[in-house]
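Down below are the structures I want you to see.
Below are two complexes that have chain A in common, paired first with chain B and then with chain C.
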Partner chain A sequence: MSAGKRSNEPLVWLLFGVGGFFAAFFLPVHVLFYGLLFPSGLVHAPGYQATLALVRHPLARLYLFALLTLCFFHAAHRMRLTMSDVLNLRHLNTVLAFLCYGGAIVGTVFTVWLLMTV
Partner chain B sequence: MSDTIILEVARFNPERGGEPSYESFEVPLRPDWMVLDGLNHIKDQLDGSLTFRWSCRMGICGSCGMMINGVPTLTCESLLINYAPGPVRVGPLDHFPVVKDLVVDLDDFLAKLQKVRPWVVRKDDFKPPREFMQSPAQLEAFHQFSLCINCTLCYAACPVSGLDPNFLGPAAIALAHRYNLDSRDQGVEDRLDIVSQHEGIWDCTVVGECSVVCPKNVDPSLAIQQLKLTATKEWFKSFLLPRGKH
Partner chain C sequence: MPQYTQYQPKAYRPRMSAYWYLDQWRYLRYALREASSFFVAYFCVLTLVQLAALGTSATRYAQFEACMGSPVMIIINAIALAFFLLHAITWFNLVPRVAMRQMLGRPTPDAISSGPNYLLWFGATVILALFFLGVL
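This part shows the complex of A and B:
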């Protein structure tokens, strides 16, 4: 490995790292409110129109884009490493990378479409 | 409490062939005995053919690392009485080829260690008129990583080392980091060429067991994560400023 090439992993690692930050700090807030507190009636839920108006705000769109896509890439990286090491599929590394990061890219495209059309 | 304890010791003799197996020995359970003392009792009194490495008996030389009940441990620092009533299972370090009984082959580790150039590298012809001066803060930057005794417990603890024999591994990367952080050193680029490859830092999945088992409280996992950040910065910089080879 002395004359080898520096890895291109920094790109996916950085997305994984920033995505981990979003997944740890912001995603649980959404799950708490939209998954538990609003449906159970413990906290008064904003109406559909109010939520839609909020989502249509450019800053909210930017935030949701970052939140969703970075979480996709975080999950993709974690899934890839879990499958390659825990399931011992290191020999399928290229296929796993294609499937996991490919899935995150599909998720990103879908997110952009959703946020542009909502 | 019984005054003896059973040591189940891994046996393997390549000249006789066969599968590695465990052999039980009954040794005195003295309150001041380490597991290494038990092994030495076996060698002196019960079976002189038992083979294992040891030297300093005080956690400095790093040669008596073995798996004790499945955990990579320095046998000279582990009181036998802590494993009472036993039995205690002692085996060679995981993830290394076994030479005989409890002795593992460290050639691969030593080759990896040499690759990261773990010494002060100077690119200029600067000949200091006296020793290099270093402030306490500059020393503090690398001090903990300099405490590594090359005992390779971290390699035995690291699941990635088990999965990928080409992984540079915790100790070699921590020592690369130690010299990168040294204010006297100019070899950062050379070392980044080695550690920034896939089999360097990027193979690490931050399990963190290396830092848990280290008998000198070095934190190789931290070294790897800090190097990932450095390598990432360099990776982005290489697009902005194409890097000329030195």
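This part shows the complex of A and C:
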């Protein structure tokens, strides 16, 4: 009896699920401060040197790596399903999977590169 | 031995409108919740751009900050925040409810299953805010 083809779905779901928790816990406060309060001037922005020092801390790099990577894969999985189900693009499922998960992998590579060079 | 016909009728598949999510509020809410993923991807890319500017020079980071202060970016980020909150609330309500039922084999009140997530969310938000403000 030959072994059946293994599905990638559990791995994708794991990344989607953990990424969903990271997005829910951490993204609102990120966009609140760096997308609204600091740029609008309602709260004084910490400035270049302070932000650079914060990002260069090893724990901050680890946190940003986990946050961005998992959120990229969470978004990729949900975007694929949204375009497939909500926009009725099931016939393009393979192309969508390639674009979404490929985009998440490219995002992960850029994340690692930027966190190592910043 | 019965003789079967080779004719295989096609399965009935009702045609679905391209705008089916506008039929009911809960369909629209589902579609909006799923659409939050586009804003998650947008903000991750924006954070990468911020990191790239940060790693280049103080001048480039000042340009990034000036761009973020434009009204268009403020509006987009306000919309992103609304989608993130929708994602967070629906996620915290749904996932623990399902997980607790799987573990305990019976349904639990929402306050018990989802409550700890909201407490953790509040704690994480306060800690990150203190880091962003330079207090910690």
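Note that the second predicted complex is superposed on the first by the 112 of 118 C-alpha atoms of A that agree within 3 Å, B and C clash if a C-alpha of one lies under 4 Å from a C-alpha of the other, contacts with A are read in each partner's own complex, and residues count from 1 in each chain.
One rule holds in what follows: a contact is a pair of C-beta atoms (placed from the backbone, for glycine too) under 8 Å apart; a residue touches a chain by one contact, two chains touch by 3 or more.
Quantities reported herein were computed from a predicted structural model and do not represent experimental measurements.
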A:Glu9 contacts which: chain B (first), chain C (second), both, neither? first
Touched partner set for A:Asn88, first chain B, second chain C, both or neither: both
Go through the superposed model and pick first if A:Met79 touches only chain B, second if only chain C, both, or neither. second
With both structures superposed, pick whichever of chain B and chain C touches the larger number of chain A residues. C
Once the complexes are superposed, what residues of chain A are shared between the chain B interface and the chain C interface? 81, 85, 88
Quick check on the complex: what are the chain B residues that touch chain A? 115, 159-160, 163-164, 166, 168, 192-194, 196-200, 202, 205, 228, 231-232, 234-236, 238
Under the definition above, what is the set of chain A residues touching chain C in their complex? 17, 20-21, 23-36, 38-41, 43, 45-46, 48-52, 54-55, 64, 68, 71-72, 74-79, 81-82, 85-88, 103, 107, 110-111, 114-115, 117-118
Contacts from chain A onto chain B in the complex sit at residues 1-2, 4-11, 13-14, 81, 85, 88, 90
Mind listing the chain C positions that touch chain A in their complex? 16, 18, 21, 31, 34-38, 40-41, 43-48, 50-52, 54-55, 58, 61-62, 65, 68-69, 73-74, 77-78, 80-81, 84-85, 87-88, 91-92, 95, 120-121, 124-125, 128-129, 131-134
